[in-house]
Amino acid sequence: MPMQKIINEPKAFVDEMLEGILLAHPESLRSPARRVLVRAGAPSEGKVGIVTGGGSGHLPLFLGYVGYGLADGVAVGDVFASPSSEQILEATRAVDGGTGVLYLYGNYGGDVMNFDLAAELASEEGIETSTVLGTDDVASAPAGPESRRRGVAGIALLYKVAGARAEEGASLEDVVAVVERAASGLRSMGVALSPCVVPAAGEPTFSLAAGEMEIGMGIHGEPGVGRGSLEPASEIAGQLVGRIVADLPFRSGDEAAVLVNGLGATPREELYVLFRSVHAALASSGVTVRWTWVGEYATSLEMAGASVSVLRLDDEILRLLDAPCESPFVVRR
Amino acid sequence: MPMQKIINEPKAFVDEMLEGILLAHPESLRSPARRVLVRAGAPSEGKVGIVTGGGSGHLPLFLGYVGYGLADGVAVGDVFASPSSEQILEATRAVDGGTGVLYLYGNYGGDVMNFDLAAELASEEGIETSTVLGTDDVASAPAGPESRRRGVAGIALLYKVAGARAEEGASLEDVVAVVERAASGLRSMGVALSPCVVPAAGEPTFSLAAGEMEIGMGIHGEPGVGRGSLEPASEIAGQLVGRIVADLPFRSGDEAAVLVNGLGATPREELYVLFRSVHAALASSGVTVRWTWVGEYATSLEMAGASVSVLRLDDEILRLLDAPCESPFVVRR
Amino acid sequence: MTASGLAGYLSVAADAVEGSAAELNRLDGYAGDGDLGITMSQAAEALKDVLAGSEGLSVGQLLSSCGAAIARSAPSTSGTLVATGFLRAGKALADPPVDTVEALVRAFEAALKGIEARGKAAVGDRTLVDGLDAVTDSLQLSLSSDLGTAETLELAARSAKAAAEATAEMEPKAGRASWAPERAKGHPDAGCVMLAIAMEAVAAHARSG
Amino acid sequence: MTASGLAGYLSVAADAVEGSAAELNRLDGYAGDGDLGITMSQAAEALKDVLAGSEGLSVGQLLSSCGAAIARSAPSTSGTLVATGFLRAGKALADPPVDTVEALVRAFEAALKGIEARGKAAVGDRTLVDGLDAVTDSLQLSLSSDLGTAETLELAARSAKAAAEATAEMEPKAGRASWAPERAKGHPDAGCVMLAIAMEAVAAHARSG
């Protein structure tokens, strides 16, 4: 079956995408090594560097968060596949401003192993690193101290928090402290309405009949907590918010930042319809929405569906979310 | 066939979306009347007001361009349907700063009639209006002085130009002059790879077999100039740029702004793959790309596909494109 | 013609158009965007809402109210043009003639003129204007031949039908269909078919009582 | 064991894994993301590129080069773990034993230890580790029983197959499959199946001479 995609050779997909990105944004990004991107001005002397990475196919994740007030460098994997430790090490070297580097990425086996390996190699070169993992997907495993949960769209909020704090000149330890606090108060869950097609595979990642939805599906098509008939937006919001609120748990009186994220093919109009219901569902749990992003922040190619992320706020986290940021993909003044 | 959509009642779709948008962006937008949005601070005394409008289902078109350095107000129609003259008149009243109002929108029969009617009513109330139409789609009709061509994604660039000039304090006449010049040097063309489903209709707008594409299709599924087998990205870029360059015509030595726009379901990765080839195709015609937007600027719900818009630059137009702008959907610093 | 008599005619016309929504979407889909049935159903609903609260209105006021309601609820190309037609017809009958056929002639003449001015399409451009022009001609002929209401509407419905059929071989020169003229070939203009359906319902209503 | 002899074994193993890509994708798809065949084909290609330019390398250097190439070209979970295995095996055979079975034991012991450390999975978690553990046990037994290379590999391939089959009834406790343990039920772990396929190819190669 031919794929309805605007591509050339599937094998050239990631490299041609990167060429396009570098052509479009030469003032913002540069590539110190193959499939490695850093801020044009990196390293920033004295500033904690932030390196992220992961598979392609999730734009604006991961490379779209390389910019002012966000991350400094990224290692770009193949579609839905980890980058190598070598790429991560290159990114680390290119952004190290002498005060250490934060590794901030999602909790996936391949990524963890490669970032861990890169951390060992960096340490041999005298670069200190610390790691914080995104583990926000409540649908992926029961809660636990050594979380096995995968990271999904919520990481966008962690970049915002980490990047703003690093921009303030905080030490690696202080950046880690606030990002860990944010990560521990962050929960996400999504719903998929259609699969996507990885160019090199040429086939849908899973199948879903018209009128069905999969609650809790991961951003690579990993199975969720259940498949059922497609519900109205208000029902979907109720289910997602219900699980998120119960899990942390959020309590009446809590203030929160909310990210309603589109997986790729779901129109922005639907995301706002969903946000309207998410807002109401949180209000009925006594949670006040103080900060909002609605749009595509972590996608799965052309998958249809959406995820909801809720982050418990305190004064410092809200200040950092409100700070300006600017990458070619994410701008906030 | 059930629709794979996150919605409630199809009839409530537009109003619930607007509720969501107002909940998410209360500092930026307010609604002076049903299905009318204006900048929170409108009117700006002494500034030329800019009113746009059109059907829903095209986010960020049209309401996403209400913001600083862009438009001031918008009349929001049903999905793919015009707003009423009454809504347009309400928007006009709410943004009139005493120095006249520009009507800037796409060339569609229903929109034209309703904006014309609103202009007559506004004039009776003493509000001067001028109209500039987006007519950038080269695939919709042969070129001609009284253009019958429809407006597509290129209008995003016209908002940018008009809004920045109005923000500089220019008169209505001066704003109109530069926008007309920009509009006359603007050409677009797109390719569709899948249809979309209008919620109230419940059925795809057209059918397209896997492995097919429709060159020149309009943003509501209006037929294009031809259907053929799906080509590689470089071929698609060659065809679109070829028609655009020949039509104006662009000449060797011209400088241009380029917008590569996703129609809804096409991943951002593919848009950059396409941009890479568009850049090369323009270069081979001697046209230099000086300014770029790649992303979703004018969509058709969950339609897969993309369009390319090319705008001939002069110093003033480039200055206006480079000026900052900020709406909840489009930010440039 | 009384306002309540007029309301009866409008009501059957609205029902007929709504009942043909799928067919109108289909016809609009050949070279347009396939939404004429949706738009015209919205217009029909708006019209019926007005009829439901129309007690005490004059014929002219009733027509004007319908026009205003349609303009608000169905503001696409056809909706805006139909609304314009109602508004102009309402104005033309502000001072209502006693004779029904004369009233019809005045109303349709005014509607046609208004729609031509608003849409800037001429006879032969393959739009609603072609159908309206044929109906207006037929009504004028009936008036000069002193026919009764039922025969007049019967003839008008037939002309609307014939005019709609004739559009199948015309090249579209206005509106969306003009962007893909080849695709329109062989299919009648959706707006003209809609007018024919409405006129046929009105004629049947006159026939039956 | 010579480097060129080793290259022959690696080459047939790589071909076998590549030839089973669709099957590996399918198995990884039950509870994972369905890309094991893609990833392992990339690893196989990288490995064959190294083999093509391996003249003059020692056994240890060859294994290490394969590990480095796989780490670069196939950096997903399984690729990184396999790369780790090759790197550790290469180190363990830096000083190559003359006896092939002894070499196999040292290589697999080192690989297993490295993979356990990198992946933090234990025996019983339903991962590659279960297969590797079984193969290593079998190799150790063959060494202490003084078996020849062909019989040793035959037995190792059989243990790999049995270990893979046994995973079908185990609950996944590491990697992607642990996110949807019920969906894994009844299907063998894809990584273990991959190992069994590679070992079977290697055993067949030894059998055929």
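Here the chain labels run A, B, C and D in written order, and each chain numbers its own residues starting at 1.
Heads up, the rule we're going with is that contacts are C-beta pairs under 8 Å (C-beta built on N, C-alpha and C of every residue); 3 or more make two chains touch, one makes a residue touch a chain.
Everything quoted here is computed from the prediction, not taken from an experiment.
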Residual chain clusters - chain B taken out, nothing else repositioned: A, D | C
| item | value |
| --- | --- |
| Between chain D and chain A, distance of the C-alpha-averaged centres to the nearest whole Å | 32 |
| Centroid spacing, where centroids are CA-atom means, of chain A and chain C in whole angstrom | 55 |
| Distance from chain D to chain C - Cα centre to Cα centre, in angstrom | 77 |
| Chain contact graph, described as a line, ring, star, complete graph or other shape | line |
| Pairs of chains found to touch, sorted by chain label | A-B, A-D, B-C |
| Touching residues on chain A, where the partner in the complex is chain D | 77, 80-87, 108-110, 113-114, 116-117, 140-141, 148, 150, 198, 200-201, 205-206, 218, 220-224 |
| Of chain A, residues touching chain B in the complex | 1-9, 13-14, 16-21, 23-25, 56-57, 59-60, 191, 193-194, 210-211, 213, 230, 232-234, 236, 264-277, 279, 292, 294-296, 299, 301-302, 304-306, 326, 329, 331-333 |
| Residues of chain D defined as touching chain A within the complex | 25, 29, 31-35, 38-39, 71-73, 75-81, 84, 118-119, 174-176, 178-180, 183 |
